[in-house]
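Got a structure for you, written out below as structure tokens; questions coming shortly.
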Amino acid sequence: MVDFLTSTIGLSGWLAWTLAATVSAVLILNVIAGGALVFIWAERKVSARIQDRLGPTRTGGRFGWLQSLADGIKLLAKEDLMPEGADGMLFRLAPYVSFCASFCAFIALPFAFDVVGQRLNVAVFFVVAVLGLEVFGVILAGYASASKWSLFGAMREAAQVVSYEVPLGMCVVVPVMLAGSMDMVTIAEKQAGWFWNWYVFHDPFTFVIFWVYVTCAVASVNRAPFDLAEAESELVAGFHTEYSGLRWSYFFMAEYGSMFLVSAMAAVLFLGGWNGPIPVATLLGFSEGTGDTAPYLIRLLGLANLVGKASLGVIIMMWIRWTLPRLRIDQVMTTCLKYCTPIAAVMFAGAMLWQIGLPGGLIPGAGRPGGEIREGWLEGPGGRAAAPPAADESRDVARVAP
Amino acid sequence: MMPPPLALSSLLALSVTEPVSVAHYLVVGAILFTAGVACMATKRNALGVLMGIELVLNGANVNFVAFASPYLAADGARSLGLDGQAIALFVILLAAAEAAVALAITLNFYNNHATVDVDRADDLKG
Amino acid sequence: MANAIEDDPRIIEFDVRTDEMLVNMGPQHPSTHGVLRLVLRTDGEIVSEVEPHIGYLHRCAEKIGENLTHRQWIPYTDRMDYLAAMNMNLGWSLAVEKLMKYEVSEKARHLRVLIAELGRIASHLVGMGAYGLDLGTFSPFLYAFREREKILDLFEEACGARLTYSYITIGGLTADLPPGWLQRCEAFLDQFEPIIQEYHTLLTTNAIFVKRTAGVGVLSRDMAIEYGCSGPVLRGSGVDQDLRRDGEAIYTAMYDGYAFEVAVQKDGHYPRDHEYPAVPAGTVLGDCWHRFFVRMLEVVQSMDLVRQSIDRYSACKGTIGEPLKLAEKMPAGDAYLETECPKGQMGFYLVSDGSAKPWRVRARSSSFSNLAVTPELCRGCLIADVPAVVGSLDIVMGEIDR
Amino acid sequence: MTPTIPMADLVAGGLLPLAAINFHTLFFLLFAAIACGAAVAVVAADNVVRMALFLVLSLAATAGLFFLAGAEFVGAMQLMIYVGGTLVLLVFGVMLTAQAPFVTMKSAGGDRLLAGFVGVALLAMLVLAGLSVPAWRQPASGTVPEPTATPLGMALVGVRVDQPPAGQPVDAVRSGYLLPFEIVSVHLLVVLVGAAYLARAKRRKTPRAIEVAASVEPPEAVAEHAAIGRTRAAASVLTGEPS
């Protein structure tokens, strides 16, 4: 994008950089804010259909598709109340901490080949780490609200998220190991082709660990049946009991942003990323090199694929939420420590052994050899020349559009 | 290119037009380190003391990473390379281990004294 | 009780100095079924003591009764257990009829059974749905209300009201059924029967539901009797008592000739008159799951009774007869009668001085006694168990506070 | 990481003052300001929760500095481990100091003065030391760093791919970090076991219900004991000690 701005339009360098960075930041911001609007509307429609209701029908004409926007405007107009005993600074800051964490994690998420805010060499770790920061806002909110229900919610969330990061980290490491890279773009690229190239179908262990990941992801974003932090029948509304208006809506934007993020992570790590189940582009003879429009088309297709997969994940989370009762805190911890963690550990070891024994994956010839380790690295002096993985791509600050 | 004199370099530090040098990072590390030491010295809350320790270790880490960075190294100078980053990693790991033990000690102290005020940990005073 | 806490495997005792905290659950709280206020003394998530505070819905109904004629007080009984107003009407009417030694016509008797059992289904549906809500699942609540609405439609057709009916009255009922009602009622039963299986899938046999309710809030047989519990709460503890079979003659005469099995676990199993899901492992007789399950069984049992009463009612010739006059003079004396209401044994006591107004009116409510066991059941449980226990008692504050 | 912008291009753009901005330096200054400001705020704050918030800010900004210096993996680990660790600190902070008197524990004025004096002296020494080597003050060469995650991982398992000894085959064991890696792993395990042992769950000797019953005191006594906590009061009632 920077190249385009400088060479085609002739902007000076700093202007091009600033513009490119702003465009990607605004785009990501819109993905979260717009995504939250769409998903809240979808949640209402999905829950309504599950429950034999219609949901919103009138706002914005058919299907009530403007309902969340109307709600947003209502929230803007509402008074931001703060309890008397609250710690003012922390109370005001908490929603933004949550939101910023959710926002920052999107920076490293690839939406399609080359459509990524900042291609990071350690993207997977970065996303998991930054996503863990979201809980910080929740704890601050719970503490600063000066309400016992809020404090309960915050403590539950802290215990839950800190615990679930362990199995989540283990699940995330498996695709990293298979791809030999923590770069999400590389991981997704390695799964190109037919759907049996996806890491979820790589071997039995990855198939199991995918479901462990799903469980842990639902728990780490606090969705039912793990929504203890805001359990309305026990804790009134948990950590956001005392929040109203725009500050409250920031928590929700963060929650829906995180839901989309973990779903997109699942798509990238296990479900082929932006590669569809059938390599349509390849079958039609499109490739990066053909013509001027082909790269755009391929990226658009990839974008649709990834957003579709991630949205499907979000919808499934909604489906679960409107079906299952809530677990109790001790049961949530048991699920994590007695089931998810050991299973993830065993599956991790299994996937590792499989990688040694049958590096090709379950279907012979389907998988691609993983790893960035060059042969030359192990050979000594000459290895240096062949050593560095291509560093060209990862240097750009903004690469939202090709 | 000759290195600028000391007085000038401190002014240049705040200039946004010049590329940063290792010294920039060293100053940041020094500030973090000093803040950590001050934190350890003044806080009565055991958790505050722990936070001070984390700051000190972090300050040291900044130095390691700065020396390890080929980007920051001046022309022709050899950076510490991977060694610096590896040591920084080990520091982070050990800091985590240290925090776990320190928290356990704090917890036991709290159990026995119903406070986390380190000034009251004076049972061994003669 | 100290030993029970020590031996409870669910309680993890950390050797951390902790402070206890008093938390007000209610009177404005999403899961206290109205305006119940529970003061919890908690140590973190563990509840050491629960104290129910009542009286937020007190309306002096009994005192009002001394200033109205017997029939004029019927609408006030509607507002006691407003979820089963038909059964409240029936209880008061029978008590007055007992004082007068009045006997209603055969057709009115069968119609009363029909209406009372439909009312029991409606009440248990609310209890079941709200219990799901207490455990954090929203959808069963709406599924239950969907079916309850159909019962309310039937009631509306019969008496014109949807919540406070005053339909069953002293000396019979205010009106006979409109034409075609019985067919619509049978159509409802046919349509409702398979839906009970859905409830069993969503709640009764759901793994999370069983985890949340099995072994929680165990009410022993002796304690249930000591505290004067009644209804499903008593039967859930394995006490074989149902006033429709064991009550006073004037009440049991109403069910004369009706075949039904009391929903209670006898000799290790529940009645086998229908297909029911098996009792899951981990449940203890007297826990929340059994109380819930008894209610589910009673829904089926009431459906049987409704079908029987439809046959008998349509076999009766003639009219249901006229109810007594609004200001009918009663003989001097007193009478007390308990009936089996959905929530338990509802007793009405009245003293008459020979005038048209009772000299003294007293209602003995089942929810009041059932609520009284809450402190015993919630001692040493987790916060999340409190709504689970209170919900399983299925209380109605209108009846407790009167 | 931002490549430096050629001066000539900027002059041609006619926007010299703005155009001369080195973005790497700009972001460095931004993150450095946050890191240092938050670190000072940790010292200044009295409330333990606020302290934790500032600490997280400082650590996160430091992670940003690591990213700027090309140490992506270290930066990500910093975010993950340090911030996660601080989170636990924060939780403990809230739990252990929930009683009002302990949330803010003010340091004595003299202590602060002394700490300030020593701190300034230390800072001056460190800064002077840092600036004393001319080579360190030379502006960055701007060599684009290579991604270090994979080489770092290789180094940790004992294979150095970045600095092979000239003219010799790699001596994996000597040049790698396999041994330190193993030591640290075992160390972590030992520490985990030790910490779990120190803070292990122990059954109470006195049944909780008795303690609860004992803690029911007249209001004045409760108010008096509020500063040292309810349980302590309850314990003293049980043991008969004056509290």
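Order as written gives the chain letters A, B, C and D; numbering starts at 1 within each chain.
Everything that follows uses one rule, which is that a residue touches a chain if its C-beta (ideal position, glycine included) is under 8 Å from a C-beta of that chain, and two chains touch if they have at least 3 such contacts.
Only a predicted model underlies this, so the values are computations on that prediction, with no experimental measurement involved.
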Innermost chain, where centres are averages of C-alpha coordinates: A
Pair exhibiting more inter-chain C-beta contacts, A-C or A-D: A-D
Centroid spacing, where centroids are CA-atom means, of chain B and chain C in whole angstrom: 66
Geometric centre distance via CA averages, chain C-chain A, whole Å: 47
Between chain A and chain D, centroid-to-centroid distance (C-alpha), Å: 26
Distance from chain D to chain B - Cα centre to Cα centre, in angstrom: 8
Multi-chain contact sites of chain B, meaning residues that touch two or more partners: 107, 110, 114
Per-residue multi-chain contacts in chain C, two or more chains: 12, 15-17
Shared-contact residues (touching 2 or more other chains) in chain D: 1, 21, 73, 77, 88, 95, 98, 144-146, 148, 151, 162, 199, 229, 231-232
Footprint of chain C on chain A - complex, ascending: 47, 50-53, 148-149, 152, 155-156, 224-225, 227-228, 231-236, 322-331
List of chain A residues in touch with chain D within their complex: 12-15, 17, 87, 89-90, 93, 120-122, 125-126, 128-130, 132-133, 135-136, 139-140, 143-144, 151, 154-155, 158-159, 162, 165, 180-182, 372-373, 377-381, 383-384, 387-389, 391, 394-395, 397
Interface residues, chain D side, partner chain B - complex: 1, 4, 20-22, 24-26, 28-29, 32, 35-36, 39-40, 42-43, 48, 51-52, 55, 58-59, 62, 65-66, 69-71, 73-74, 77-78, 81-82, 85-86, 88-89, 92-93, 96-97, 102, 105-107, 111-112, 114-116, 118-119, 122-123, 126-127, 130-131, 134-146, 148, 151-152, 155-156, 160, 162-163, 177, 180, 184, 187-188, 191-192, 194-196, 198-199, 228-229, 231-232
Complex contacts: residues of chain D adjacent to chain A: 1-3, 5-6, 9-10, 12-13, 15, 18-19, 21, 23, 47, 49-50, 53, 56, 60, 72-73, 75-77, 79-80, 83-84, 87-88, 90-91, 94-95, 98, 144-151, 154, 159, 161-162, 164-170
Touching residues on chain C, where the partner in the complex is chain A: 10, 12, 21, 23, 29-31, 44-45, 132-139, 142-143, 146, 202-203, 206, 208-209, 211-212, 382-387
